[in-house]
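Each of the next two complexes has chain A plus one other chain: chain B in the first, chain C in the second.
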Partner chain A sequence: MDLLEPDILLQLLIGGLLAGMLYALLACGLNLVFGVMRVINLAHAELMLVGAFGAYVLFTVFGLHPLLSLLIIVPLLFIAGYYLQSVLIERVVGRPMLTSLLATYGVSIILINVGLLLFSADFKAIPALQGSFLIGELAISKPRATAGAISLLLTVGVYLFLERSRLGKAIRAVSEHAQVAAICGIDVRKIRMLTFGMAAAMAGAAGVMLSVIYSFWPGSGVDFIQKCFAIIIIGGMGNFLGAFYGGILLGVVEAFVGGFASTQWAEAVAYLLLVTVLLIRPTGLKGVARV
Partner chain B sequence: MNRRYLLSSLLSVVLAFIVFPAATHAKDIVVGTSVALTGKYARTGQEQLQGFQMWVDEVNARGGLLGQQVKLVHYDDESKPETGAKLYEKLITDDKVDLLIGPYSSDVTMAASTVAEKHNMPMVSSGASASEIWERGYKNTFGLYTLAEIYMDQILELGKAKGLKKIALVYENTAFPRGVASGVKTKAKQLGMQIVFEEEYGKASTDFSSMIIKIKAKKADMVIGGSYLPDSTAFMRQAKENRLYAKIFAFAVGPGLPDFGQNLGLDAEGVMGNTQWEPTLKLPGAKEFGEKYKAKYGHEPGYHAGGGYGAGYVLEAAVKKAGATDRDKVRAALFALDTVNAFGRFKVDATGKQIGKPAYAVQWLGGERHVVLPAEAATAKVAYPFKDWGKR
Partner chain C sequence: MSNGLQRLNGRWVSAVLVTFVLLAPLMINDYHQSFLLQVFMVIALAQAWNLISGMTGYVSFGHAAFFGVGAYAGALFLTWGFPWWLAVMKGAGIAALLAVPLGFLTLRLRGPYFAIAMLGLNEVGRVVATLWVDVTRGGTGLTLSPELLPSLDVKYFTMFGLALGATLLVAWVHRSRFGLELRAIREDEEAAEMVGVNTTLNKVIAFVLSAVIPGAVGAVYVMYTSYINPASAFEHARNIEMIVVVLFGGSGTVWGPILGAGTVMVLRELLWAQFPSAHLAALGVLLLVVVLYLPGGLISILRARQQKRPDARPGESP
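After this line comes the complex of A and B, so read on.
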């Protein structure tokens, strides 16, 4: 069958990798929060949409290019996340899982409805960055290539920050054992606020990237949060790198299943992959038995 | 009477007004509907509702229906068939409405019409066109729209006339898009054209790139989509990104709406689609409705708004003919009616299926939506072939 031509395989692979990088950026933020405070943030995808609508407003009102709006939206969402943690999430850390699920679900409902009030239920799209780069027979979508590259850059940046910097090490220490970290003189509360801020900023950046690829409306979060859950379970709950691998894996598998079976199957693939990984390696790709 | 007693009795009167808000005036005729105000069909559902509301305002300004004022009760079905079914149950049993208007989308109408049938209550269905709806032996669903199955006929005939043979067909996995697709398959067979690629996709699909890569490999001449607004927009955008080229691109619903051009910008140029109605059609009151709608809501009405407005006029004609809002009399009147209003002709067969209204094809030309087929209704000539992405 002509589908097996190298050109087509390469095209599918590139498409999958680019989509996977965006998934990874989003899922890494979710996993970071879970790792540090054992809170599953159900509003993570809505924070992403805050970024997307932010880019939309900046583009339509001020004509600001989505890539430039990153410079405004990322810091703003960091601040928003920081204070959301100090005002709300901080109160549910360490409580039973249901408490934090309800709290973040509440945040998600509020954000969706504020979005509906402000922007109505219409689908929005930003007509910037259209078209494609042509390399011989290959057509690589400009918005996707840009989004993929920036997502990768941000994810790797955050990873290096966690690995190398003093603050990053403190975050990992809190993730490993909050009490011991506190005894060593780390301000655990502050670290949690920083972490949530970072996760929100990553979600916001993912939202800006999303806004140049897809149409979106205030209810778009559901599809993404479900995929994110699958990704972090596939990758290993609480593990930053795990979420990265999980995201890339899902993107590539989706593209190939879409290519060889159908787009409908591609939508189910996250959950099939989830079941398979759980059967073979119940802790996820990079997970540890503790979770 | 002491002061305290006075205060509390006052309070209870006030409370009574809050708890029992202005009960419906006994003599009002209550019309019930649910439309999508959120979810995938929100944009189009909202237009339909606004069009219908304009009829309500107009009929009341003219002194009402049978001398009574018309009152509209409406809910949001969130683009979900299951919610729609619940809401029609509520409209009929709880709100006890006198007349029913259908929801938007064939999908939700399938569910809602079953409820209307159960209660034997006639429903004027504005936003549905899949013929499947009228193949279940129901006696209470009256369609306004041209059927989905003949949506693409004129465009396929155009393709045939230009010597095109290979068709790629993609469609959403719900009632209306499937109706469009089955119509395309039948017509293509008649014309001796070949479907070289066919694929269904889910209601939530946003990524069509894998599909597009496959269509590219099949070298189709025509790409036809049984789609709504968000998916047709996303598809064209990704078609450009992946450099998919065909002589004709045609989609259901999307290109018939102004948003298609707004979201795609120049990339909408040359894309064909369908419309149930345009303000430019030579119909009594169509132009006036277009102007009034624009003045009220700030944008040109799409055909969904026209359909909502037309549904009002059909209801009005039926009630006048019946001389009452009695279910059986209104049903008989709807079956017998043959009338033309601002939305077009209304005449149904014995199943309630619309057979009087023709189809129209549109195309985006110079940033505007023009009716191009049939020739007698056209506001511009068809541009053929679709311009290659590299030459734009």
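After this line comes the complex of A and C, so read on.
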């Protein structure tokens, strides 16, 4: 097999773009939280897994198709995120960043291990979508295409919400300058709770998409949070669009490294990218945060 | 005077603890001796983490990687015919060799970025150990034949020595100018730089010292379990334990990590021995409680109480 054949390159590119869209959905939520409250949520990938296991339970117990379970999981995670913010994260906003890192690390430890108690360390998968779309010489796996497309739709939807709606503008205002936003009459606390709710809902949706493509276990979050960090540092911390482009970029680079070298090296790409960027620009490529 | 009193108290407590540890092997069974060995291990690891993260405020989420490297080095040098103590030193040395370049690379980054860069280190270690099959035998792991291993008493005292050495190191750093500079970095790095503290060099020295200890501990640990694979060498739970033990006991202090390690290990033994996940979930809750309500750790409660007791400082004024 000649790897440089155009068909194979195109195949890798499409695979990478699709994976990248899922990464983008996940990383955009993380960056939204960071932008609004300068908190790096180390539990973000575990919120994603809550979504994945939610879809798993709904599928195995009620036979609900994962795409339909989105309608249940997204609102549930929004509510969970909203209250997680009001009970816990609100207390660490404005404190030194290491405090919020440690607090969200605590949340992630709890979620992982409660997950292990409930679901054991076995890998789970949802065999709901299978097969491939065949377009000429190309074969695109149905689950990947579906997950990529839905992730893209959701990310664009959130972006439009942030750009166009009044509430979205309020969120961006708090992200720009919380004090000025407060003076303008924006309920900053409420905005933070909404933001965390939205980010959790995005993570949950990403989890449902993940459950369609990959097998997962309660400890799967580590790989994803690492990728998210690489993405948001490449794209600029707190920058929503930056996280989107960063996610797509990581997906494509991983696909090509996976195609030309090995999938295990592809797993290391995120970490190598992250460390390289941090070494060249210790505050990230488009760092907005002074820390 | 309260300082002197604390030091005196500290001396009594240490004398009692050391006597107990030295006599324990004569009085207790192997199971309890193994338990104590594990307590020493957690103390040594906690003090190592304390040295970099407690002192400088640079939170390392990946320190267990040095433990894993030391464990593999220890196992390999033992199978290559080196005596056990040399294998332990190799474990420490190789961890240090890795820490020097890694420290210079990552410690230029400010707090949160350093934390992010370190978060994946343990994972990288696990992947390398899995892929480097020629040396590590990949997922199969390395099994040490029993005739190569020192006796339980030797391992027990070596681990105790490491815990003691790590504690003394922290105590020395605490009092030295070096420790003062580290704490200056923790409080305000830019200000420290401005008054002439070589911040990067100081941080790297602290980092390398804090990597040597887990390296040696890992090598002793592999002789204790006589088997190592990528998952057990680079266990994420070990990171969690190090962090929570130090913060729970009192980070940046000499006694805090000992107190934290003792409490957490006894709790684990009594409550969670059968349920490792429940133990870790409980550690997560503990971490939240400490971060939100008890930033000074257990030791801060004890100190507050000691200072309140009026008879604790007779003749003292005002």
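As a convention for this text, the second predicted complex is superposed on the first by the 271 of 291 C-alpha atoms of A that agree within 3 Å, B and C clash if a C-alpha of one lies under 4 Å from a C-alpha of the other, contacts with A are read in each partner's own complex, and residues count from 1 in each chain.
FYI, a contact is a pair of C-beta atoms (placed from the backbone, for glycine too) under 8 Å apart; a residue touches a chain by one contact, two chains touch by 3 or more.
Just so you know, these numbers come straight off a predicted model, no measurement behind them.
*Asks:* Chain B versus chain C on the shared chain A, clash or fit?
*Replies:* After superposition on chain A, which the two structures share, chain B runs into chain C.
*Asks:* After the superposition on A, what does A:Glu267 contact: first (chain B), second (chain C), both or neither?
*Replies:* In the superposition, A:Glu267 contacts both chain B and chain C.
*Asks:* Could you tell me if A:Ile233 is touching chain B, chain C, both of them or neither one (first, second, both, neither)?
*Replies:* Once the two structures are laid over each other on A, A:Ile233 reaches chain C alone.
*Asks:* Taking the superposition as given, does A:Tyr214 touch the first partner, chain B, the second, chain C, both, or neither?
*Replies:* first
*Asks:* In the overlay, answer first, second, both or neither for which of chain B and chain C A:Ser86 touches.
*Replies:* Neither partner.
*Asks:* By the touch definition at the top of the document, which applies to A:Ile8: first (chain B), second (chain C), both, or neither?
*Replies:* It touches chain B, and chain C stays clear.
*Asks:* Just chain B (first), just chain C (second), both, or neither: which does A:Val114 touch?
*Replies:* second
*Asks:* Could you say whether A:Ala125 touches chain B, chain C, both of them, or neither, answering first, second, both or neither?
*Replies:* First partner only, chain B.
*Asks:* Run through 22-30, 112-120 or 292-300 for chain B and report the one that clashes with chain C in the overlay.
*Replies:* Only 112-120 shows clashing C-alpha atoms.
*Asks:* Once the two structures are superposed, pull the chain A residues common to the chain B and chain C interfaces.
*Replies:* 116, 219, 223, 264, 267
*Asks:* Could you list, by residue number, the parts of chain C that touch chain A in their complex?
*Replies:* Where chain C meets chain A, its residues are 57, 59, 61, 105-106, 108-113, 115-117, 119-120, 123-124, 127, 130-131, 236, 240, 243, 247, 275, 277-278, 280-281, 283-285, 287-288, 291-292.
*Asks:* Spell out the part of chain A that touches chain B in their complex, as residue ranges.
*Replies:* 2-3, 5, 8, 11-12, 15, 19, 116, 120-125, 127, 130-132, 134, 139, 141-144, 214-215, 217, 219, 223, 254-259, 262-264, 266-267
*Asks:* Can you list the residues on chain A that touch chain C in the complex?
*Replies:* For chain A paired with chain C, touching residues are 40, 42, 88, 91-92, 96-99, 101-103, 105-110, 112-114, 116-117, 219, 222-223, 225-226, 229, 233, 264, 267-268, 270-271, 274-275, 278-279, 282-284, 291.
*Asks:* Hey, which residues of chain B end up touching chain A in the complex?
*Replies:* Per the touch definition, chain B meets chain A at residues 37-39, 42-43, 46, 173, 199-202, 204-211, 213-214, 217-218, 229-230, 233-234, 237-238, 240-243, 259, 263-265, 267, 389.
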